[in-house]
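The same subunit A turns up in both complexes below, where it pairs with subunit B and then with subunit C.
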Partner chain A sequence: MSGEAPLLPARAEPLTLVDPASDVPRRSASSGTRARFWSLGSTGLKIVGLAIFAFLLFGPLANLALWSVAERWYTPFKLPVSYGMRYWEVVFRPTGDAMASLATSISIACLTVLVALTVSVPAGYALARLRLPWRTALMILFLLPQAFPSVAIYINVARVFYSLGLTGTITGVVLVHAAHGLVYSVWIAAAAFAAIDRDLELAARNIGASPLRTFFTVTLPLAAPGIMASAIFVFLESLDEFTGTFFVGVPQVTTLPLLLYNASMGGNYQIASITALILLVPSVLFMIVIERFLKADVLSKVGQ
Partner chain B sequence: MDSSVLTAIDVDHLQVSYGSQQVLHGVSLSVAPGEFIAILGSSGCGKTTLLRTIAGFQKASGGAIRLFGRDVVRTPPEKRGMAMMFQSYALWPHMTVLGNVGYGLRLRGVPKTEIRGRVATILTMLNLSGLEDRKVTNLSGGQRQRVALGRALAIEPEILLLDEPLSNLDAKVRIQLRSEIKALQNRLKFTAIHVTHDREEAMTMADRIVVMDAGQIAQIGAPKEVYDSPNSPFVASFMGAENTVSLDIRPSGSGVEVRVGEGSAVSYNGEVPIGPVTAYFRDDVASLVDPDARIDGSIVLPGNITQRTYPGGHYRYVVAIGDRHFTVTDDRYHELDRPVGLRLPLASLHLFSNTQTTGGNHA
Partner chain C sequence: MARPSFFGLLLIAPAWAMIGGLFLYPLGFSLIAAFTEPGGGLSLMHFQKAYELYSTDILFTIFIVIVSTLLTGLFAIVIAGILTLSETPWLVTALRNLYRWPLFIPFIVAAQCMRTFLAKNGLMNNSFVALGLMEPLQTTSLLDWRGIIITFVWKQVPFVTLMLAGAMASVDRATIEAGRNLGASRLRVLIELVLPQVAQTLLVGLVLSFVTMLSVLSVPMMVAGSQPTMLTVDMAFRINSYGDYATANALGVISYVIAGTVAWIYLRHNIKREVQA
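Up next is the complex of A and B:
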């Protein structure tokens, strides 16, 4: 404090020099407190806003976490009656339904990624590089599965698949998931290829690389981060997908979301909560990865 | 060109169009093996299109390109056996310096250990030794362009194409790389076509300069020839002779009489076009004299000094003649608003007859 004291008159001096009116220092002091009040107020608002946001985001999650460790919890009580890890043990029992459907979910997601990439890498390259006459129409075509109410689509898909013998098979579910995921993978892949400077490819052609060699040594490695991100999106979409799986896969194919549905419909909130928490893990992990992979130059080309 | 010498690059009435817009209108050019050609022109004149068509990146709509006698118009770029340096460097960011420079060798099936050895030799040549395992994204602009040069030279091309490779570099590095490329070309004897909009770069590097204008070749010649005897007003002003003066030339006796406006006539006996002509000249051919001086073989334009600056070494004056302003350098100090004469030696003016657009005559 003693160090600051000599500073105050020095700061006030230029003010009085500019405007010698006597009320100047007092006015500036009152406006100072008002500014402090407003800044305090806005900080307070920010804190309240963040708290609401955090509650909306983490409230349901906290509820899930609580349910997953609640062994007994019934109506009059605000909190579980007894806690325990019994249901975790049930879920993670090697012979349990949960582990089997987790395996099904993951293998379906992996196959879906494979199918989606097989289509989206060549399609993305073509959309980005070739002068296609129906470019916009093609881009919209991949968007169509998202444009209509999914239940209406999947009922018809299920009917067609039934006549082809695809209902209740992994293949059928993978196809449904892939059609759903293609919009992400094609659009992101097209953006990833479009973000690559043509001269980089021409430089390889120029010193003797064939078009195919150029694609695999220059274009594809440079587009890899974007394609990787699209693969992650497709993987997560497939892991979360419910409607299509429900119409095409039931009863033979049980994925984690279907198990969750059955569990919560049966009133088994513990199993449902634990399944939901398991489903949350890959999403959170991959979102962190995607954030690193998807660069601004790729994002800026999405949908162009 | 001597027809007995096999030409390295023979461009024959080449036409290129982007859609309905024609960019090259029948360009013909032949380049001898080991020659360094600079294509000079302002942006949009078609110089880069010409280079990219030679490289095979752009389809020709007519004409032929022969490399050592072989027509390559329909050959894909990878089978043309040339290398190019790009303005954007076009280095592959996912590879190291070794990966970039050794790429062409890897394509040719050279064993890994030999690639390392040959890349090391090239990097030493380019003052980049020891940087093999560095990511190209961690290099400076000058280093990147050297790596690009190394990548092009690693495949030992007979033809090197340079697409404004120095224009993204700062002045000092640019001048240094200029002489490095020229020295390497002298040593390795490759044929080079260098596209640039920088006149000095073209002059200092090339054996011959090709000046392009609106998809056509305006003039081809040695740097001194193009600089001293431009064949058209366009080439004259592109080579820096941007000041113009209208003259009237009439035959008189064995020589001619040159008149500026209403001024007195100066007799001259060089070879010049007759009639109304426009003289193009560079700032450095003009000098300051007395306003009423009469000097043989020179015209003197009376005017006023309106501005004086001292950029170092000499003074720079702006002289107003009528409503026109000319820049002159002079060693002596002159007061402002002083009447002076602007002396233009007729031998240094590029004279072009006003009645015909081409076929100008150099005085």
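Up next is the complex of A and C:
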């Protein structure tokens, strides 16, 4: 910085006083300085901008992490008064509510994946390979539960389920989650089947494999990574689902999001934050591995 | 054209039945409940009641969702624009690795984060005070409509940016280079060359965000407790406190109308585009 300072006055020098011979090099020198000055300024600006962006992005998450290890934290103090893992012990105590909720959440998510895949693998295959009337309309139909204000739907699902004795049961919650996740499983399964080279299936048929055998030994294994990706989507969607469980699952089914909600509304920020962190783990893991499962050739066919 | 495959219909039937039973049937149920009076005839009385009780909340909801959508679009354009047009490699790398983080974070976790972060003595105000940007007495809680908007934007920007950056990456680089060579600034290239080519993707992302934000229950419940609040909270309240399905469903139909208006704008834009093409 200090090395550049003496050059600066050159810029202020009136051009008319400079003799033409020395004008060219001197002007380029001054514009070089100016460029360096600008690039330094813009680099500084970029760093500051990036820092603000990072603060706004990670600040809320940092606050969550702080609350999870804060044993005491009250108003005049900017940081927790005392730290400790006491609440982690409370959460991870085998007999605690949180462990029970975690078990409920994971079993619901697994069952949801099972239900969603059972109906969407055949549907995806049909949409990708067979001739269907109003194919586009059928595809959009699966999007509707996602692209619709869902609260109004769930209160009526809860009402219907009540008359069937399904409110407050795992079955009821699984059905709601599966319908909600169906758009991912059907669309991605259809894209995965559409991305498979048809010649491979024809080759298997040519050497005498039955259609069913071709499907299970050639088509399905080739589509497996895409179907796996859709399973992860459905699993996460179910794990994070709040609204449907709130209306259909109460009071018997308490999943992690409901536990988080109850703890937070009850003012127990430590339990709420730890629950939130547990919910974050699969989400972040998924963000990191998604590209491994969803290949570009499948991704380009999603929704078509 | 061959005739439709019966086998295909058979394969898709279970999935279709699921949507029918768990979405279309309850949807019909909600429409019927909203438009029938206790005696059984058609009436708009539930809408009248919903309007009398919740007209402020209807406007509040529309305001929040529109402002959040516009801000989401603005931030997504800025980030995707930098990712596409910036000539500073380290900035692009850093931004690319940063912006995606909230993408898969559940709304309820985002709500809990913001509930602590934006509070009067939350980490945000504390950081500002520690940096000397603010006096401790000046700090205010942002846990009202501003908190809801901040949470929505925080959560939805990565999603729209991901779609938009993908679309921008497939824009022909030659047009961008040509614009730059002719002396257009990067801002001008972004607004006049790149954006028109990716407008379709941006619109899809924003419409999906709009409807998502309209349906979220956890954020308005956890981030802003008091009145006025969003329609989703009102619906839950009508059900849980009064078992009043009629008014709740009338509010539900109002939220369908809001979502439907946006979908209609999107479709109209699409048709206009196809006519032009």
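In the analysis below, the second predicted complex is superposed on the first by the 278 of 304 C-alpha atoms of A that agree within 3 Å, B and C clash if a C-alpha of one lies under 4 Å from a C-alpha of the other, contacts with A are read in each partner's own complex, and residues count from 1 in each chain.
Here is the rule we use: a residue touches a chain if its C-beta (ideal position, glycine included) is under 8 Å from a C-beta of that chain, and two chains touch if they have at least 3 such contacts.
Since the structure is predicted, the reported quantities are computational estimates derived from the model, not experimental observations.
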| item | value |
| --- | --- |
| Superposition on subunit A - do subunit B and subunit C clash or fit | fit |
| First, second, both or neither for A:A272, with subunit B first and subunit C second | second |
| Which partner, subunit B or subunit C, touches more subunit A residues | C |
| Touching partner for A:G208 - first (subunit B), second (subunit C), both, neither | first |
| Which of subunit B and subunit C A:A35 touches, first, second, both or neither | neither |
| Touching partner for A:A100 - first (subunit B), second (subunit C), both, neither | neither |
| Contacts of A:L222 with subunit B and subunit C, given as first, second, both or neither | first |
| First (subunit B), second (subunit C), both or neither touched by A:I140 | neither |
| Touched partner set for A:L114, first subunit B, second subunit C, both or neither | neither |
| Least C-alpha distance (whole Å) that remains between subunit C and subunit B when both complexes are overlaid | 5 |
| Touching residues (chain side subunit A, partner subunit B) in the complex | 197, 199-200, 202-211, 213, 217-218, 221-222 |
| Contact set on subunit C toward subunit A in their complex | 1-5, 7-9, 11-12, 14-16, 18-19, 22-23, 25-27, 29-30, 33, 88, 91, 94-95, 98-117, 121-124, 126-127, 129-130, 154, 208, 211, 214-218, 221-222, 231-232, 235-236, 239, 245, 248-249, 251-253, 255-256, 258-259, 263 |
| List of subunit B residues in touch with subunit A within their complex | 55-57, 76-79, 81-84, 86, 88, 90-94, 103-104, 107-108, 151-152, 154-155, 157 |
| Complex interface listing, subunit A residues touching subunit C | 43, 46, 50, 53-64, 66-67, 75-76, 78-79, 118-120, 122-123, 125-127, 129-133, 138, 141-142, 144-145, 147-160, 175-176, 178-179, 182, 186, 236, 239-240, 242-243, 246-247, 257, 260-261, 264-265, 269, 272-273, 276, 279-280, 283-284, 286-287 |
